[in-house]
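Both complexes below contain chain A, partnered by chain B and then by chain C.
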Partner chain A sequence: MDDDLRVVGKRVAAVDAYQKVTGTAEYCTNISLPGMLVGKVLRSPHAHARVVKVDGSKAEVLSGVKAIVTHQDVPRKVFTYNVMTYQLPQGELQDMHLFDHKARYIGDPVAAVAAVNEEIANEALRLIDVEYEPLPAVFTVDEAVKPGAPVVHDFAENNTPVPPTPVFCYGQDVEELFKEADAIAEGTFSTSKQIQAGLEPACSVAHFHDGRLTVWSQIQLPHMARKMLAYLFDLPESKVRLIQPFAGTGFGAGTDLCCEPYACALAIKAGAPVKVLYSRSEDFANRITREHICKIEMKIGVRKDGAPLALKAKYTGDAGAYMCKAASGCGVALASNITEYKFESMYQEIEAIYTNHVACGAMRGFGGVQSSFARESLIDEVCEKIGMDPIEFRLKYHRNVGELGWFPTTQISSCGLDECLRAGAETIGWYEKKALPKNGVRRRGLGVACMAWLSGAQPMLLEHSNAILKFNEDGGCSLFVSPGNMGQGILGTLAQIAAEVLGLEYRDINLIYGDTDLTGFDIGTHASRGLYCIGRAVKKAAEDARAQILERASAILDAPADQLDIKDRKVFVKNEPERSALLSQISNACIYDYQKGCRQIVAHATVDPAEFAPPWQAGFAEVEVDTQTGVVEVIRWITVHDVGRAINPQVVEGQLEGGTAQGIGFALYEDTQIIHGKLLTDGFDKYRIPSMLDLPEHETVLVEQGDPTGPFGAKSVGESGLFLQVPAIANAIYDAVGVRIRDLPMSPERILKALKEKTAP
Partner chain B sequence: MRRIVCTFVVNGVTRELLVETNALLSEVLQDDLGLKGVHVGCGTGDCGACTVLVDGLPVLSCSTLAVTVRGKEITTVEGMANGTKLHPLQESFIEHGALQCGYCTPGMLLASKRLLEINPSPSRQDIKDALAGHLCRCTGYNKIVDAVMAAAEGEE
Partner chain C sequence: MILPGFEYRKAASVAEAIAFYNDFQGKARYLAGGTDLMPLLKYRLSTPAAVVDLKGIQELGAISADHGWLTIGANVTLFDLKNDPVVKEYFPVLCQSLEATSCETLQMRGTIGGNLLQDTRCIEYNKTMEWRTARGFCLKMGGETCNVVPHSRICLSNYCSDNALSLIALSAEVSLAGPEGDKTTGLEKIFSGCGSRVFALGPGEILTRIRIPMEKSRGVYEKLRVRNSIDYPLAAVAVAMRQNGARVCVGGVGPAPRVYDLTGTDAGSVRDGAQKAYTDARAVPNSTLSPTYRRKMVRALFRRAVNKILSEGK
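Up next is the complex of A and B:
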């Protein structure tokens, strides 16, 4: 790799860190506008009910109430929170209406109010008279498909909008190959409905003024959110401005709308700015959760030397009340299964079913977390059956450069998994510790798991990005980009890429972001695309700007542009470095040219990538299981990641370490409890995310070999940090105490039950 | 609702405010004083994000009635820097990448400030114990502990 880099690869501070440590950073929750009203949503107390009548007349006359909106006040349009629908030509299933005639989960919005303060808004909610006709409700996918089950949506027969559908299958008949297999492992796995649980509750502010709708939102996909809101309220996109302040949440939560439609409806009716801020319990119960693949049935077969023959799987999604991303979550689960190993043949199906639960959207590790759990657990099992070390299996049978990526037509562009596996095995002491005897009440075990992910969902989904660079007199410039804005570190990383190309310092680049009126179109942040896709746009724009600078400098220095270079804010002749001009001099001349040659340097680049650049990873867990209490303690966690190139290693580590915490939580104790449609775990006291005391020592090791398609060789890192804790911990539990846990979270109760069953005669 | 006149010394400045007796400290700081660094994450005292210092001690501002702390010195994250000079903890959080979304950061910083006042040379475990009530969903905590350790070492 080219290591003559001055800005790329450096640990520079995040561009937004100063604002965040001084308390000046703006979030949706702390936005305050003159005359701003408090918006509140009236929600159905029933999991399933016809809304017969909504009468706001008593609330309307309450002093201080400025607007009440019901289904009568908004255009009746089918829509979806899932703004990613615009990334597919045919879109995804849309099945929602604002304030529909039927409530389909406990919390489904029925009306909303805006008032001068919270007390009056709450009082107005109480005064709205709603007549419900409660209907029988259904809460499990098994019940939902039975004949005579309550019908969640009229159009979906058997509550099954996505019947079992084979996707991306390849090779010969898997059943025939299973007959040839020397070892087979199969199982049914289940997961909980993980909540993204960002620390900032859901919040949006909207203001409709002079024919324009301005929306402050926590969304990760600003331009597509603008498109959906414009559609919903009969406005042209140009009349809607979406502003993203810093978001104190994300992790996929911002790939779907949340309170924005309610804030907009109220603001349009009230003619004043309205803030809708959900309480924590309202956020947990109504913000759509992780794509809920509730069940994974998987079977794999290998030859006695380990050669992978066939993989068969079915992913069942409990969509909840609305489809949002249930089907795409299942689809990604199976797609992400393709890349890792050289199975001769694969047959996988998806299925999604409506219930009367809150709908599910997306969380970091979308679908891949679930497929990794099943696949990596079963790989561990067949390795034991054929007597092969799990690391040796993975070294021998993972796919490599040029082989099949996730999507048909894609090829793997780079692969550093061998180095990941070797480095991790050495760091954790795999071979020495594996040989230790297991005895006593507290037993230790080791587990490993692997995964390949993606850097954007191209070519299946549209991944269009734009970057604009505009130079000032002094040679500094503004970079206009539009990623999700949740502090993941992308802003500074993009500035590093631009600075490297332009021979500037990191701080010479002024970031302009978070406003659809200012920035070019961008899909935004999802599918680990930010650095790879937007980074490519930034690099391309910077190269264009560089060419413009060199062309201008060519006249000043009287040398051909191709013999010039830029470094340290200076343009110079390559073989005569003393012949140079300051970038500020050139930039100034572009703006103040009194000889009629004014042309400010502005560069714009569009990218719509098609390549498949997977980050690879190996995760290693060492656990201690208490055989008397069933408590699993993670002693050590090591993730080794092939990220291509770490543009800012500190940011990369931050992504992986944060993912680690969410993965350990998902593996061991994040447990969404919903009883008869009612979310019981509706606060941080009941839905436990890891605290400082819960996490083990965890380490991140980076493998950097460069990817030929990524900006400066970089691949993605946004999601993959939380893939492997679940399967590696499950495998380590087996290593320690000999039980295979297939349901999440792997709670003490489940461990004890499995231990009891194991020792039962 | 009854209102009473209260005096608070907020970030070194004496403020006299007419406060509703049911108003939370977080509401007064945010709504009456416009302090954007006061972040409420749960409203139930479970996450620690809203922590401010009252007479130097960490207090959950979302679960504290403002009238109960009248006459006291209140420090929010806006009061940590000395003019344009950041507090060593603020510097250290920036340098170590100890924040991402930044929503928990004010609470983390203020609780760390108190920790270093009573224990200038904490171990990693001391820091984890002191900050255990502060949830962060982004960082996995490693870099927060690193930042507090480094700030402590720098001050010695």
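Up next is the complex of A and C:
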């Protein structure tokens, strides 16, 4: 690794840190525009009902009500919240209508109102007269596919828009290989419908003025959201402007639209700005959740020396009422199995089924979290069967550089998993602790799990990014980029890349972001792509700007450009450093050149990457299980992550530690309880996520060996943090008390039940 | 979520608070720390015409040890009580239950009086108005039947004070002042046993003080919750042991704590006591954990708590 770096690799404070800790950062929630109205959504109380009539006449005459919108006020168009549909040439299934004639889950929007204050808006909702014809509803995938089940969408036979479909299979017949296997492990795993649970509830502001629609949104994919909203309201894209202030939520929730269409419809009708802010309970019950892979059936077979033979799996998605990302979630679950181990053959299927639940979108670790649970649990099981240490297995049989990436035609560009496994085993004391006897009421155990994720979903999905750099006369510059900005620390990291290339300080880079009118096109933030993809665009633009600066400096310093270098805001001749010019001098001369040589330094770069640069990780858990109550306490957690290069180690650690909390929550207690389509756990008091005080002693170890394709060798880290808590904790529970838990959350009750079954004669 | 409109009065004495209560013909709620009342108001689970603030009543803010009692004013915060040297020395079970109450930030806000008089909780009750309207009102909201146990005529929502259990185990008494006069009674006697009207208090009565006999005790508080950092109990057991025996109080399951005086501390008595508590526990599906599991945990925590004290004493 090149250690001659001045800005990259340094622990600099996030660019937005000061604003955030002093409370001056602007979020959608605290945007206030002159004459802004309060928008509220009227929702179906029925899980499944025909909307026979919507009559707003009584609400309309209420003083203070400025607009009521129903299906009559919007163009009737098929659309989807899932704006990622634009990343595939054929798109993804679109099955929604704004205020449809049928409500398909409890909470499905039927109408919306805008009023001068919240009280009047709420009163107006009560005055809207809706006639429903309730229909029988269906809440499980097993019920939904039975003959005679209620039909959620007319076009989807058996409520099955995606029937069992094999994807990315390779090798020979897996059934033949299972016959050769010396050890087989199989099981059915279930997961809960995790809620992203951002601190900021869903919020959007819209303003329609002078024929242009401006939307403030928490979306992670601003340009594609603009495209969807333009389509929905019959406007050209250029007439729609999407602004993304800081978002107090994300974790994938921002890869789908949420309240934006309702804010827009109201703003267009009212002719005034409208803010739609969901209450906490409304947010939990109506913001589409993690891709809900409700069931994973998986089987693996290995030889007696551990050699992995075959993996067969089926992923069933409970799509809820609309498809959004149910099928793609299952698809990613499947793809993420390909890269980890050298299986000779794989056969995997996906299936997605409609029910009358809220739809599911995406959450951090999309699909991979679920498949890691199944795969890493079963690996642990076969290791026990053949008497092999789980770390030895992983060291011996993980894939390596040049082997299969997730997507056909892609290859692994770098791999630091060996170091991850070795460092983690040493830190947690794997071999010493494994040898300790297990007895007493509270028993300790250790577990390990591994994963290989991605740095953007190219070439499967379009991952187009642009970066623009513009130099001012003082030698400072503005960097125009458009990632989703939800607190992950990407902005400063991009500035570090530009500053490194340009010989500037981190703070010399002025960031312009979050506005589709100002920045170039960008897919935005999803699939851990931000640093890898946008970072490559920034590096490319910075290199172009650097070349322009050197060319200009060449004339001033009377030396060939290739003999010049930039450092500390100064351009100098490499072997005669005293021959130098200040960057400000050069930059100023580009702008104020009275000799007719004006040409401001502006650089633009586009990238559309095709390489597959997987970050690798090993996670280690030490747990203590109370055999009388079934309560699991995580004593220690260690994440060892191959990030290629940590551009800002502090940001990387922050990402991973946040992921640790989400992973432990998903493993042990985040539990979306729904009865008859109604969400019981609709607030932080019932849907419990770990607080800082609930976190165990945890450590993050970074492995940095550089990736040949990433900017300064960097790979992704965005989603990586929460993959391995579930399988490593499950494996540690087994190590402690000898029971395999295959349902999430691994609640005390489930553990106690498994313990009882184990001891039963 | 915004608060509904109400009149606000701040009382400087207990008598003034009762007078305010009478001014509003009883359509008033008393406010101390507010950690229980504020969410109820925001959810419209309580819609009083007036809120009478008790925080300004200085005389209810003291802890004193004399005449063989530790007397605690109702306005004393959970945090201050937890750090009181006498509580630490004499009543470890109370110290533990205070520590297990919510988080320190809320312990600094919440008062011991408010903690004891907190409303019961149910997964289908502590909800927004929209949610409850769509579901239909339950017994506790004035409806015809329970939403958790169809056809049930009694509300079994959970009483979630941690400290009531330890105080009852310590044989604490409470003083009540109301329009009809003052009285002192055993803490365990203020419960009605019905979740829709939790306390058997007269209209306008204010819990002014709590007193505990000044006798050193050994104690253990065991609490089942999902997160150790902040959650309400889903089952809990407090045990206080003094020279003349052990008193166990079980809570977090159902609308009132249950008291068990252990006659002996041999393995059989402990097992029988735990089994009785298990049989008595009326757990219903009104929390995020299943009733079967919570009942089992009543038994497990009962035995664990008592055995812990016994083993400490050895």
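One rule holds for everything that comes next: the second predicted complex is superposed on the first by the 761 of 761 C-alpha atoms of A that agree within 3 Å, B and C clash if a C-alpha of one lies under 4 Å from a C-alpha of the other, contacts with A are read in each partner's own complex, and residues count from 1 in each chain.
We adopt the following convention: contacts are C-beta pairs under 8 Å (C-beta built on N, C-alpha and C of every residue); 3 or more make two chains touch, one makes a residue touch a chain.
It should be emphasised that the depicted structure is a prediction, and the values quoted were computed from it without experimental measurement.
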Chain B versus chain C as contact partner of A:693, first or second or both or neither: both
Partner chain in contact with A:671 - chain B first, chain C second, else both or neither: second
First, second, both or neither for A:92, with chain B first and chain C second: neither
First (chain B), second (chain C), both or neither touched by A:13: first
First (chain B), second (chain C), both or neither touched by A:749: second
Chain B versus chain C as contact partner of A:45, first or second or both or neither: second
Contacts of A:29 with chain B and chain C, given as first, second, both or neither: first
Partner chain(s) touched by A:654 [first = chain B, second = chain C, both, neither]: first
Which of chain B and chain C A:685 touches, first, second, both or neither: both
Superposition-derived comparison: chain B or chain C, residues of chain A touched: B
Those residues of chain A which chain B touches in one complex and chain C touches in the other: 279-280, 685, 691-693
Residues on chain A engaged by chain C in the complex (per definition of touch): 43, 45, 106, 118-119, 279-282, 628-629, 669, 671, 673, 678, 680-682, 685-686, 688, 690-694, 747-749, 752
Of all residues in chain A, those that touch chain B in their complex: 11, 13-14, 16-27, 29-30, 32, 196-201, 246-251, 279-280, 486-489, 650-651, 653-654, 656-662, 683-685, 689, 691-693, 695, 698
Interface residues, chain C side, partner chain A - complex: 1-2, 103, 123-124, 126-128, 130-131, 133-135, 224, 226-231, 288-290, 292-293, 296-297, 300-301, 304
Residues of chain B that touch chain A when the two form their complex: 30-31, 34-44, 46-47, 49, 76-78, 80-81, 86, 90, 93-97, 99-106, 109, 127-129, 131-145
